[in-house]
Structure formats: C-alpha cells, structure tokens
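Input: structures, listed below.
Common to both upcoming complexes is subunit A, partnered first by subunit B, then by subunit C.
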Partner chain A sequence: MRLKARDLLGIEELDLQDIELILDTADGFLEVARRPIKKVPILRGRTVVNFFLEPSTRTRSSFEIAEKRLSADSVNLVGSGSSIVKGETLIDTGRNLEAMSPDIIVIRHSSSGAPHLLAHKLRSSIINAGDGFHEHPTQALLDAFTIRQKKERLEGLRVAIVGDIAHSRVARSNLLLLRKAGAEVTVCGPPTLIPPHIEKLGAHVTSNLAEAIEGADVIMMLRLQLERQKGGYFPSLREYFYYFGLTVEHVRRAKPDVIIMHPGPMNRGVEITSEVADGPYSVILEQVANGVAVRMAVLYLLLGGSADEEAA
Partner chain B sequence: MPSAPMSVVMNKEKISRTLSRMAHEILERNPDLADLALVGIRTRGVPLARRLAQRIEQFDGPKVPVGVLDITLYRDDLTAISDHPILRKTEIPFSVDGCNIILVDDVLYTGRTVRAALDGIIDLGRPRRIQLAALVDRGHRELPIRADYIGKNLPTSADDFVQVLLEDQDGVDEVRIGKLERIK
Partner chain C sequence: MKRLLKGGRVVDPASGVDGRADVLIEDGRITRVEPNIATADSEVVDCSGRVVAPGFIDMHVHLREPGREDEETIASGSRAATAGGFTTVACMPNTEPPLDNGSIIEFVLTQARRAEGANVMPIGCVTKARKGAELAEIGEMVRAGAVAVSDDGSPVASPLLMRRALEYCRQFGIPVIDHCEDPDLAASGAMNEGQVSTALGLRGMPCAAEDIMVCRDIRLAEITGGRVHIAHVSAHRSVEAIREARARGVAVSGEATPHHFSLTEEAVRGFDTHAKMNPPLRSEEDRAGVMEGVLDGTLEAIATDHAPHNAIEKDVEFERAPFGIIGLEMAVSISLDRLVHGAGMKLAEMIRRFTEGPARILGLRGRGTLAPGSHADVTVLDPDCEVTVKMDALHSLSRNCPYSGWKLRGAPVMTLVGGVLVWRRD
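Coming up: the complex of A and B.
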C-alpha cells in the first residue's frame, strides 16, 4: 500500500483511504518511542531537508525526531540563516537545495501555496509543514490520530473548533479531514475571525461558545494568532477571553468523556484557562507525542521509491 | 501469484504432529526453560508461535511468553517492491534482555526475513541467545542462516511457490506447493 501522490501538500489532496493508511501506519510506529533504542533503519541513507521559513518549535522538532528515528539524515534550514534574506527567490533556493539531491523537502512558509509551487518545480517529494492560512496537513493527521486513539472512530463525532479560524491553517486542515471522515464540525469564534464561505467546506458556524460546545465529543481550541492579525478584530484580549476563553464551566456542557485539544503554542488565560489545559480532559501533550509517530508514517509512506522508478 | 494447480504437501494432521515434535525438540534442547520466549514473525509466524507455546505448556513445560515482531522496518528491499507492505505493530510484552528467544516463521527461504528479524530483535535489547524455528525449510538460502528446529524439509526449485495456510487466518491448516506464474 502506498499514498496516491508523491507529495503531502494538504488534506484536500488526500482521500479517506490515504488518510486511513497514514493513521494505521502511525499506529505501528508508536512502539518505537517506547524502546530503549529509539531508532529503526528503514530510511537509512535518505536525506530530508527541513526548510522552515517561519518560527516553529513543535513541528520542526517533531519532524526532526521522526527523521532521526527512521535513520534518515536531516538538514535544517531556517529563514533567517538562509539565502532568502539575501534576496534569493523560493524557486532558486529550492533548485539549489535539490542540486544536493535530498529525497524529501519539508517546508513551512508564510505564503499559502509555497509548497505547491516547489512540488511543481522540483523532483523531491514535498511535505507541507504549514503554508500561510492554507493547510497544515500533518497537524490534522495527528489530531485525527489522537481522536481515533481516544474515541476509536471519527465518523459521527461532534467536534467544535474554537478561536481564530480565519488565520488558522490547522482549522482548515482539520475541517477538511474531519468532514472526509464523516465527523460533524462546528467552528466558533468572533465573526471577524470566521472566514467567509467556511460553511461551504461543511462546517456549522456560530459565535456562541456554549452552543458550539453543547454535546461535543471533541473540543479543539486554537491559538489567537496575534502576529498575523493587523489589529481591530476584537476590542481586547479580556473581552475575547470573556466570550471565547475555554473554562471548566464551559466544559461541563460537552459530553462527559469529551477530550480537549490544542495544537500549541497555547496562550494561557486568552483562549484557554490553565485549569482546563492541565485538566483531566486535556490530551494536548498526547497530541505532541503522537505527532512524531504520524510524521514517521508520512515520511515512510512517501519514501518507498516513486511510481516512475518502478515503471522503468 | 501461483497458477493452479497447487498440491498439498502437509495437511492439518501432519502440521499438528509436526508442531508437537518441534515443541518436544524445543523442550529437549533448552534445559533452562525459565527465560525462554517465543517470537512470531508476522504474519504466519505468529499463530505458529502461539501453537508451539501451547504445546510446550501441555507437555509439562512452563508458560512461555509469546511476542509478535513486524519486520517491515528492517527489510532490505523497500525500494525494489512496488507496494509497501503495511506496517503493523510489534508487540513484545517482555524484556528481551537476557532472554533465550526462539524466532518462529512459516517458511524459511532466502534467509532475508530472518536477517531482518534478528536486527529487529537486537534493537529491542540483548537476548542471551536466539534460535530459529520454521515450519517449512524450502532451501535456496542467500545468507548464512540455518534453522534450529525444522518442521519439514521441502526440496523446491526457484519457480516454486510455497504457501502455508493456517486456520486462524485462512480457515484451513495446509501447506501447499505450486508453480509461480510467469509474468511477462
């Protein structure tokens, strides 16, 4: 079994069969983290470039750990240390990277579609580690993996995604994936932070937190992306917390076995109280642990030789 | 895939008697049973390991722990095969350190699966000893590997196809042999 595409650009390009293959494969990789020697030889001699043009702690270290556990050689490039600051274009940087023949380039970029551009121009497989406001497929996959681990299914679940939907690629990828898997999704946030036409992707929309959470199996809180907001979306952080901050009182409206998720980094006291984030329903740290296994699965599934190689 | 017809070389009864003999051999050659453990190689080595453990216990041996090993991550042919084998879980519910491990597989052929399994086990710890049991040895080794316990030696040619079917997975206990269909 393999993925149908040679790149992982977004959830949009995957079908349910691909998604299930990635999640099932990740299941097999979980055990590697529990070993005394956390390494398997399957990608020995393969090279992966992690090309991060935006700040990242979790995603970059998660990819790097996944690569190392698969015995691939990884190279890290960050925006401030790359030639991009000297005026080189993305395509030129990509071509120069490719001249050193890496097998996979993992890219994070502030512009939506940057990974697609590289995938179009380069022969290496491209993994999108977050592009602008567009998609963050591995985050959605690890979220789905975590939900499936706790609920044993995705179909028919009620999921509330709360916060800054407009600036969130995590919300978009999650919405696409959950809808493909047959879950019911409600997005909730101030009207200024809800993108127009999101209901066309299959989401219910509300600006009432209580309504969004009522009877939910899963609550996904999003970070308020202050660095992307030019201001004026809501009057104050205090007011935002009053209307959209998740507190213990809210959680009581959800199902008794609800799980609370957050892709990180959290702004404690803005979108979520510490009491909830560190409470019994929170699976936030499990999401991080599962992220490594899911990224191992994606790397493994993309690096089995390309389809044209076999035809030759 | 093999073309019909396949001939049956071991039936249910024969497989059962063979496994009993192998269990006796294991008991005989491992006087210190305390740290014995069986590890089945996915997929058909797993039910075979369970059956051997059952028999060892029946024949007044101890209750032997059984682990499951998936060798997908240790294969040497991942770029050569068109379809990735699906990765499944490795489940070894005991520490392999200091253990006397018997690897169990259905068919011993080139030895490459066993090579991968040895690497897989050694990544999990340092067993005191590793032995190998196979229901069928069909020859044509490509690596210096031999089995300690063999159910049946089956002389084959390279274009033969040996298939082990087990009740737990295939609904029937049978070892069959046939000719590989020539592709192209």
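Coming up: the complex of A and C.
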C-alpha cells in the first residue's frame, strides 16, 4: 500500500481514502513505542533529511524518532546551520541535498508554498512539516488520529478551533481534514485574526467563545504568537484572555466527554489556563505521543511502494 | 523614400476611419490615407486581409536600464515592443539609479535612438530618488523629453506631496501617474487578500489599499486642476470611482493591463510566482470590473506593466519573489482574444485603447493616429490568426509570465516605426 501522491504537501492534496489509510497504518505503528526495542526494519537503508528552516522542538523530534523507529538513516539540517544563511537559494540547497540521494526530505519553512517549490524541482519525496501560514498536514493527521482514538469516528463531530486562525497552518490543515472527514468545524477568534472568506473552506465563524464551544466534542486551542499584539490584532494579552482564553467554566458548555487539544507550544494563562491544559479532558500529551506513530505511517506509505518493488 | 501599405482595412479611431484604404508614407510621415492610391515610385507592402492601425502605444513598461541590464535593456525592450506590435513605449523611472533628473532622461533617449526599435518615451520620477520626500526637478526632465512623472512601483504616499505634484505639473501639461496602493494596508502582502490568500496562507493586499488611494487622487486632481492617471487598475471599485469622477469632468484617466482583465487570483494556486505582480491578480468580480472599464472606455489605455525579472529571482519561495510579469509580446494577442473575440468589443474600440487613448493621456502629438502629417508609426494586425505563446520565441531578455503555451486568436503581424519596417511576423 502507498499513497497516491509522491509527496505529502498538504491535506488539500489528500482524499478521504488517503487520510484513512494513514490513520489505519498509524494504528499499527502505535505499539512499537511500547516495545522494549523500539525499532522495526521497514525503512532500513533509507535516508531521510529533516530540513528545518524554522525553530521546532516537537515536530522535528517527532519526525526524527519516527525515522529511527523505522530504521531509516536520518540527517538533521537546521536553518542556522544550513547554507541558506550564506545566501544559497532554497532550490540550490535542495538540489545539493538531493545529490546525496535521500529518499525523503522533510521540510519546515516560514514561507507558504516552500515545500511545493521543492517538490516541483526535486525527485525526492517531500513531506511538509509546516509552511508559513499554509499547511501542517502531519499535525492535522495526528490530531485526527487522536480524535478518532477517543471518539472512534470523525464524521458528525463538532469541533471548535480557537485562537489566531489567520496565522495558523494548524487551523487550515485541521479545517481541511475535518471537513473531508465530515466533521462540523467552527473557527473562533477575534475578527482581526480570522482570515477573509474562511467560511468558503467550510468553517462556521464566530468571535463568541461560548457559542463556539457549545456542544463541542473537540476543542482545539491554537498558540497565540505574542508579537501579534504589536501588529494591532488585539490590545493586550489581558483582554485576549478575557474573550478567548479557555477556562474550566467554558469547558462546561461543551459535551461532557469533550476533549481539549493544543498543538503546542502552549502559552499558559493566555489561550488556555493550566487547569484546563492539565485537566482530565486534555489529550495534549497524547497528541504528541500519537505524532510519532502518524509520522511513521506517512514515511512508510510514501516509500512503501518502492519497498514492495525491491521485494519483488 | 515612399512606402505604400496597400489593400488593408484601415482602422484609425482618432480620425474616425474604418474601411478599405491604402496608406502612403513619405519621409517618415503619413501623407495620404485613401482607397486605391497609385504611385509609381513607392515600395508596396501588401496588407490585404490585414488591419492597418496607428502604431500601438504601451504607456507602462519597465526597461530596467540603467541598473538591471541582465533583465532587460532599452535595446531588447524596444525590440520586444516592436515584436509585440508596439511602436512607442513609455518607460517607468524605477531603475537603478532612478530617472529623476534631466541627464538620465537624455541617457534613456540616447540609448533608445541607438536601439532602433520602438520609440521610447521616458517617464520621470515625481520625487527625488523615488523617496516620496521632495519633488524631483520635473521641469528639467520635461525639457529633456520626459512625457509624464510617476514613482511607479510605489505610490506617492503623502497626500500633501501628491497635491503639490499635481499642482506643479499643471504648468507642463503632463499627467502624474500614480501607482495607487496604501502602503500600510498593503504592507507585506504577496497577493490579493481574499479566499485564495486564505487557502494558501499568504498575506493579502486588500482591494481597498488601491481604491482608497484612487479616491484620494481623484479628489486631489479635482482641487488642483491637475491631471492624474491611475496606473494598472486592478479593483472593480477603482474602476467605479474613475467612471464616476470622469462623468463629473475630473481630469482622471486609467489604464488596464491584459493580466488584470484575463486572469484572477486563482492563477496563484500552486504558488506560481509567474502570477505574482503588484497590484495583484484579484477576484473574478474585479477582473470583470476591469474588463468592463476597458469596454466602456472608463479605462482609456491598455498598458502591459511589462516587468522583466531574472529567472533566478522568480524561482524562489512565493513571498520572496519579486512582483511583476512581462507582457509586451503577448498584450495585443490577449486583447484581441479576450476583448474582441471573447467579449464582443469592436475592433476599432480595442485599437483606440492602444492608440488614441494613451496618446491623449501622454499628450503625444502626431502619434496614435494615421491622420496625414502624423509620424508613420503603424501596427498591422491579423485579428483572426491562431498563435501559441512560446517562451523561446520572445525578444525580451526575461521569461517571467504565466502565458507559456496560451493559444490566442489574433496577433500583430507587422510594425513600422517612422516609416521603417522594423518587425514582421515570420
């Protein structure tokens, strides 16, 4: 089995069948983490380059652990250590990496569309680990995996995504995935942080947190970049918290079995109180654990077909 | 030296001519436009089955010289112009250094004479070094040959300075051409703000950044009596504002680019940097609004905003890529295809947007018409031939445009500048 596309650039390019294939495959990889020897030989001899041009703790270590558990050889390249800082273009850096015959390049970049540019120019498979405000497909996949784990379905669920929607690739990828899977999605934030025409991507829009949360099965909180205050998007963290900070009182409006998610890193006391983040509904650390299995599934499915050819 | 353009359909909107006629050229001037001219001593150019029009004028190009001769030169740009059916281009002053004084205007004109391509009419800066702080020596530039002033690429952001520029230019009778974009509202945007920017996660530039400044400029033209020309109108509300102001008699004019009436923001999907320009491609409503403005004459000129860029600079992350696409060698075909064949525009009206319109705005005497005594700048069209846009056939030094492989109906086939046949389609 493998994915229809050669690259994982975004949720936009996936159909529901692809999404289900990834989630089902991740199910099988979940138990690898519970073994004493956390390694399977599936990608032995394969090379994966993790090319991160933006700071990342969770996503980068998650990919790296996923690669190692699949026995792939991985190389990490970060922005400050790469020749990008010497003025090399992204395409040239990509071509140089490709000259060393990697099978997959995982890229994180601050510009929307950077992975698409590389995919267009290189033969290696490209995995988008977050591009600008555009997409973060593996985050949406691990979120969907976590929701499915807890709710045993995606279809028909009510999901609220709360915070800085405009500057969030996590919000976009989740919205696309959840809509493809038949969930109902409400995005919520101050009007300054809601991008124009987001409803055309299938979202309900509100700036009333209570309304967004009412009857929700899932609440996804987004990280608020503190520097947005300088851009005039909101007057103060104090006021932001008053309207959009998630408290225990808010959570009571949701379904009794609601789950609370956050892609990290969290600003405690800004978008979420510690009481909620550490409370019984929170699945934030499970998201992180599931991230490894989901990324293993993506790596495996992108290279799976060629592994079969070798076996044949 | 006499040359006779024989047997064509002559369409000269400025003189109200549309019919079968011959055009006689003597010593670089048009001398007669009549049916069945018989002369013994002239070279005859067969124009049967063709449309003979006044030489097309593109009032908005970037020729990049001085400064970025790797992207375009005055020579290559003026040859690209003739191969696109243009006999005159007006070049914008955002070069390195910028065209902000008389001697550099003279340099452009000298290079243009050497090039022997299309006529090149320089546009000077409104402000010194395009910095938006003090007026440039506009009078000196006009004496040297500048036909207008503009800080194109940037707006004249200060309303007070724009007011002064409009007032000051009245004594020279030249228009101030403004690139209307509120710099705060459009700040760091890479494309139109709308559903596609939301889907792609790119920072958007709202239409209001343009139309707010169009409205400002209209009011300033009104209180000063100066002439303002709005470059590359991209938003339907800008068109409406210009239409309303013109009806009131305000001295405002506007131009449309072929890309703004033939493409929308949808072309950016896939992060194609060849669809990145400023002002950006906008919504379908805006595209239709701009086209309507061209059709009803609110926008008097079609101009390319030909903006050559080195492939190395366009082959980067979308946000990092420079704004701009080339257009000199496709504009006439796109206009024939989309306006005449696609939207039922009368051929004479389309020709007017390329001739009488820009000639009036720039105050060019003896151009944009075939009236006897005019410069013998002539564009010959085949309005029905099928052409495919091929990148390797271009004369421009740059290739940055989204038109590769486009099949279009109608094309220029011959260009004469000052009576000299400078280009002919193979």
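Note that in this section the second predicted complex is superposed on the first by the 300 of 312 C-alpha atoms of A that agree within 3 Å, B and C clash if a C-alpha of one lies under 4 Å from a C-alpha of the other, contacts with A are read in each partner's own complex, and residues count from 1 in each chain.
Going forward, a contact is a pair of C-beta atoms (placed from the backbone, for glycine too) under 8 Å apart; a residue touches a chain by one contact, two chains touch by 3 or more.
On a predicted model such as this, the values are computed, not experimentally measured, just so you know.
*Asks:* Between subunit B and subunit C, positioned on subunit A by superposition, is the outcome a clash or a fit?
*Replies:* After superposition on subunit A, which the two structures share, subunit B sits beside subunit C with no clash.
*Asks:* Check the residue A:K200 against both partner chains and state whether it touches subunit B (first), subunit C (second), both, or neither.
*Replies:* second
*Asks:* Now for A:R2: first (subunit B), second (subunit C), both, or neither, which partner does it touch?
*Replies:* Only subunit B is touched by A:R2; subunit C is not.
*Asks:* Should A:R295 be classified as contacting the first partner (subunit B), the second (subunit C), both, or neither?
*Replies:* The answer is neither, since A:R295 touches no partner chain.
*Asks:* Please compute the subunit B to subunit A to subunit C angle from C-alpha centroids in the superposed arrangement, rounded to the nearest 10 degrees.
*Replies:* About 130 degrees, rounded to the nearest 10.
*Asks:* How many Å separate the nearest C-alpha atoms of subunit B and subunit C in the overlaid structures?
*Replies:* Minimum C-alpha separation, subunit B to subunit C, in the superposed model is 29 Å.
*Asks:* Could you tell me which stretches of subunit A are touched by subunit B in one complex and by subunit C in the other?
*Replies:* Dual-contact residues (subunit A): none.
*Asks:* Of all residues in subunit C, which touch subunit A in the complex?
*Replies:* 193-195, 197-204, 270-271, 312, 315-320
*Asks:* Touching subunit A in the complex: which residues of subunit B?
*Replies:* Interface residues on the subunit B side: 70, 72-75, 78-91, 119, 123-125.
*Asks:* State the interface residues of subunit A toward subunit B in the complex, per the touch definition above.
*Replies:* Contacts found on subunit A: 1-2, 21, 24-25, 27-31, 35-37, 39-42, 297, 300-301, 304-305, 309-310.
*Asks:* Along subunit A, where are the residues that touch subunit C in the complex?
*Replies:* Touch residues, subunit A against subunit C: 12, 89-91, 109, 111-114, 116-117, 131-135, 169, 172, 195-198, 200-201.
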